[in-house]
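In what follows, a structure is listed as structure tokens, so that the remarks can point back to it.
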Amino acid sequence: MDGIVVRNIERADDGAVARLARFGVATLHEAQGRARLMRPFMRPVYPGAKACGTAVTVLAHPGDNWMLHVAAEMIRPGDVVIVALSAENADGLFGELLATSYRARGAKALVLEAGCRDVAELQAMKFPVWSRAISAKGTVKATVGSVNIPVVCGGALIHPGDVVAADDDGIVVIPRAAASKVADAAAAREQKEDANRKRLAAGELGLDIYGMRDALVKAGLRYVDHIDQI
Amino acid sequence: MDGIVVRNIERADDGAVARLARFGVATLHEAQGRARLMRPFMRPVYPGAKACGTAVTVLAHPGDNWMLHVAAEMIRPGDVVIVALSAENADGLFGELLATSYRARGAKALVLEAGCRDVAELQAMKFPVWSRAISAKGTVKATVGSVNIPVVCGGALIHPGDVVAADDDGIVVIPRAAASKVADAAAAREQKEDANRKRLAAGELGLDIYGMRDALVKAGLRYVDHIDQI
Amino acid sequence: MDGIVVRNIERADDGAVARLARFGVATLHEAQGRARLMRPFMRPVYPGAKACGTAVTVLAHPGDNWMLHVAAEMIRPGDVVIVALSAENADGLFGELLATSYRARGAKALVLEAGCRDVAELQAMKFPVWSRAISAKGTVKATVGSVNIPVVCGGALIHPGDVVAADDDGIVVIPRAAASKVADAAAAREQKEDANRKRLAAGELGLDIYGMRDALVKAGLRYVDHIDQI
Amino acid sequence: MDGIVVRNIERADDGAVARLARFGVATLHEAQGRARLMRPFMRPVYPGAKACGTAVTVLAHPGDNWMLHVAAEMIRPGDVVIVALSAENADGLFGELLATSYRARGAKALVLEAGCRDVAELQAMKFPVWSRAISAKGTVKATVGSVNIPVVCGGALIHPGDVVAADDDGIVVIPRAAASKVADAAAAREQKEDANRKRLAAGELGLDIYGMRDALVKAGLRYVDHIDQI
Amino acid sequence: MDGIVVRNIERADDGAVARLARFGVATLHEAQGRARLMRPFMRPVYPGAKACGTAVTVLAHPGDNWMLHVAAEMIRPGDVVIVALSAENADGLFGELLATSYRARGAKALVLEAGCRDVAELQAMKFPVWSRAISAKGTVKATVGSVNIPVVCGGALIHPGDVVAADDDGIVVIPRAAASKVADAAAAREQKEDANRKRLAAGELGLDIYGMRDALVKAGLRYVDHIDQI
Amino acid sequence: MDGIVVRNIERADDGAVARLARFGVATLHEAQGRARLMRPFMRPVYPGAKACGTAVTVLAHPGDNWMLHVAAEMIRPGDVVIVALSAENADGLFGELLATSYRARGAKALVLEAGCRDVAELQAMKFPVWSRAISAKGTVKATVGSVNIPVVCGGALIHPGDVVAADDDGIVVIPRAAASKVADAAAAREQKEDANRKRLAAGELGLDIYGMRDALVKAGLRYVDHIDQI
């Protein structure tokens, strides 16, 4: 299945993406049942990075960024490019020149299970990138991979057209078909959290707001006045 | 010993804590004989974080933040909550809602040998957190742990009521009984460093200020003019 | 060869260093054929750090910063001190006092395959450091190493007097004798990139600018319209 | 999609599995175009482990092995159980008692992106396990996951019924539909390698057998007699 | 508290140690409520290592094994020496000569949060060691630490005289006062496991033996016949 | 300097290599002043591996083993091939076919800062390999590197023709010119250790044999009878 570029993919609905973009990654991850979160070794290359868009996927090989050029042609406005690697690699497959190209094609961001370079320039031009490493290491253009096939990046499965949301907390994948439903669940969750936040800020305890006291006792929790009573 | 909450703990003296709060972690660590420093994998979730307070301790389990809610009730103004884990874990056990609750109870900071989420919100509300990872991964509330027992966090032993100081350089634990003495030693050290800083800034060498030249020669150090003389 | 300090070293030409200082690490690394880059575990202790200078080299031992004091005397204005370790170590071998001394002697920066402390102070005084860890852990002064011998730091070989350039992307070593030639190559590369950047920003594809299409087909790349055509 | 057990899955053809079982992982990985290999942090818990079978998949949560009991009921003779985790975890989710149960149900092996315990007992009973860690850490049974849904384990995507082959070199996934074709390709590859092995053992060079000399020169390789000719 | 050697310590009762020695680490860890297990980065230096004895504790510094010589004098027959480090270190603090000395003094084993060398010789002489690394790196003898004070090793707190049990699965600490009680609990657990093992080996499911089916349904587990029913 | 093969190198003297081969890595490393040891992430792919020979060096690129074929032609009987990588990489650059070729050319072993595959076959044919990972991941043949230039492997500098000794404890490099002198020093050290081993085995303490007691007291060590005397 390597060496394939799929030209046409179905992208998640624009409206649903716009609604999902309002929420943080932690909220979206909870809203879809704590699933499809990338591993925490994937980090933004500068603080405050935030993005939400539809996935164009790339499968590349260690030390080789050829397919990132191929992917540029497949970008549509609103896309987030997702780069999976066939093996662990920290080389700098992406930098400011490619970011210039990706932005010109309409890409919002890049998520890359390899290294990224030119991080100062990327921050200056506000093109957000999440990667597993920062590295100036240059790459070759020698081996073909694929574009717009399902890939595993950061431990999560992504299909082309899925929604990818990323911020300082990490990266979450929302399947295309679930985008609208997850946006609803996130809104509901946020509303509930707003109410709880006010009560917590006023000094009420989560123990009481969430009614945990009985369950804790049932699970065996025991209170003592002093440590020598253990 | 699991499943216990100790209601009353003896906290380090307020005055001593206030004095310790003036110093950086590196100074405090030196002042108590280079001891009780957490391992460097524990990092602040945003730059510039700084805190000093009395420890409320928590023992939690991987992927489960139930005991962090239980701990909220035990917080007194000026506390720093310390969360140890029964096994290595990077899940996001703490976020902005719990921070709201902890702040309302008077907590100054959190130190957590697991993951933290909502880091942008925590930075915005200036609630400092030190953790081993940043992760949006949500948690369950299923298994009881303990509160206010001695714990090992970041490789350091902490008793409830000990002083915990943290900044960009790391986290150090000062035993409750030693708080005042360590504050004295830190002040003395800082005074000495102030004097040395002036001399170093003027171009004097540490070799001369600290009188190292003889010891170096005795230890075998040899100066040559050119590398081909080796 | 341990226990040696070499007083006189040949440093790269001032003019060449000044020209190299204009370029980023990624460009310099490419300009010399993708060689002599330190591994990505070496990171700046604060964002935006940037330096370029001539190497004074140090070989130190775990948990011992004695030789960093010895090195201070060997610093000439424009130097970057490079500290290699005889074994993996994350202790805080360098902090604000040594930085004060190094700056007074004319050093521009430090690159250290160990830990660094006082990072807030270093950022405030704008003394850039690249290290493998941030750690408040104090050190002893008990064992001699060497100064101004060839060392391996961050996986790269450095001779005293070589040029070291460092920024947010990493650290690259340019051999003394190659300094001028690499500066030329970097300038040529930058010029070429400037032209390409404009075309990429206008929406042209790297595929066309770099003429990759034929090579990709020859390498086996195949385009399909829909994923079910694979 | 969490909290689901799929009772009936289509398994790869018995004959194809038997043929695939004759080859090593490196050969199978090459035979299907260098794809679907798990990351090298997945290791056998004892040397010499080797297995090939059809995947029963499990999605479990950190520190919780409840779903491994649920999966036991789904095992058919010849299966290899694959356990994915919703977050990084090294706890000992599997040990000798579960191995006894799995073997009784016909399982050939376990692949687990978490910790394994009782490794001496597992070796004695010759039940092979590949895991990311060895850990005695016990687990709770509190949160449901899923069985027989597609999962990502060790960075590879696995569907229930796919073939999983594992040995000292790692773990590779062969899609159910491709099993027979990959077995053919592996046989062809092995035949070719047998021929080459004989020539290499006789002292012939790969340079000549594979005809690489021209391509190397074209790629810029240059031979010199002495290093001072560089 | 550094620079102290405590001559006399109270060791756990011989009989209790002998009883504990019959069990594996996983069983002992469960028997005391899943507590006091070292982190899984602590590994035996050769397979099949197994030991159980009373702790003589050492606090040493990176790259310095002086205190391991001091500790030798404090060893009594049946002891296991536990070496904690004041900072992360992988140097080879222990080898075959020290093992010869320790064995002559009656030590059964060593647990060391640093590196170990001479592993072939240690295996030949059957002196078991658990460490965080294997490294030939030699050490200095320059800085004093302590012997027989409470230490944190592998993330676990150990008091001198506590029982330490170690095998292929890891290392567990049993507080001196709890030794007899934990031995009882381990025996009870093993008895129960023996009964369950027989039933599991006969093909019965844990689901039924442990009566999990109702709890699973209550927790939301749902069975479907085919994946397209999700 | 990339893309170069140096045909003729000066190898260390045969007799010196034969004498060095009698010693373990830990002894050789001490005998040359605790220098030139590779980092402990370099491990043998099977236990009991041991080799000593003259270095043929290779600089390769991530995921590409082309230069390992080029190097085969440069091997002379008694060589150990050392493979450095231009960036961190764990792909399986070496396996049983190349080992067959290398052995036929007279190579004794391979040291590789990347991944190795076919480890069962390598153990069966007793061709020892030290690597940073075990991985079945196949590689391409697309980019030229160099053979027989100075390289950095495992953090150590190696010149072609240097002696490389490797065993279960790690890998050490002995410069060509120092081979005979280091063999002498190792023999002297071993003789001294033999004497000490006998005394230690008889129960004498290192404290007395090495005369450490005074230095310890001078360094501040203090003995107390009971812990409550601290």
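In this document, chain identifiers A, B, C, D, E and F correspond to the written order of the chains, with residue numbering beginning at 1 in each.
We take it that contacts are C-beta pairs under 8 Å (C-beta built on N, C-alpha and C of every residue); 3 or more make two chains touch, one makes a residue touch a chain.
All values derive from a computational prediction rather than experimental measurement.
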item	value
Chain pair among C-E, C-F or A-B whose interface repeats that of D-F, sharing over half of the contact pairs by residue number	A-B
C-F or A-C - the one linked by more C-beta pairs in contact	A-C
Centroid spacing, where centroids are CA-atom means, of chain A and chain F in whole angstrom	42
Whole-Å gap separating chain B and chain E, where each centre is the average of the chain's CA atoms	27
Where chain D touches two or more other chains at once, by residue number	1, 34, 37, 40, 86-88, 90, 135, 137, 142-143
Complex interface listing, chain F residues touching chain C	1-2, 33-35, 37, 39-40, 86-88, 150, 152, 155-157
Chain E partner contacts - residues on chain D that touch it in the complex	1, 3-9, 46, 66, 69-70, 72-73, 90, 92, 95-98, 100-101, 103-105, 115, 117-121, 133-138, 141-144, 148-149, 160
Residues of chain A that touch chain F when the two form their complex	61-64, 86-91, 135, 137, 140, 142-143
Parts of chain A lying in touch with chain B, wherever the complex brings them together	24-26, 29-30, 34, 37, 40, 43, 47-48, 167-170, 172, 193, 196-197, 200-203, 205-207, 210, 212, 215-216, 219-227, 229-230
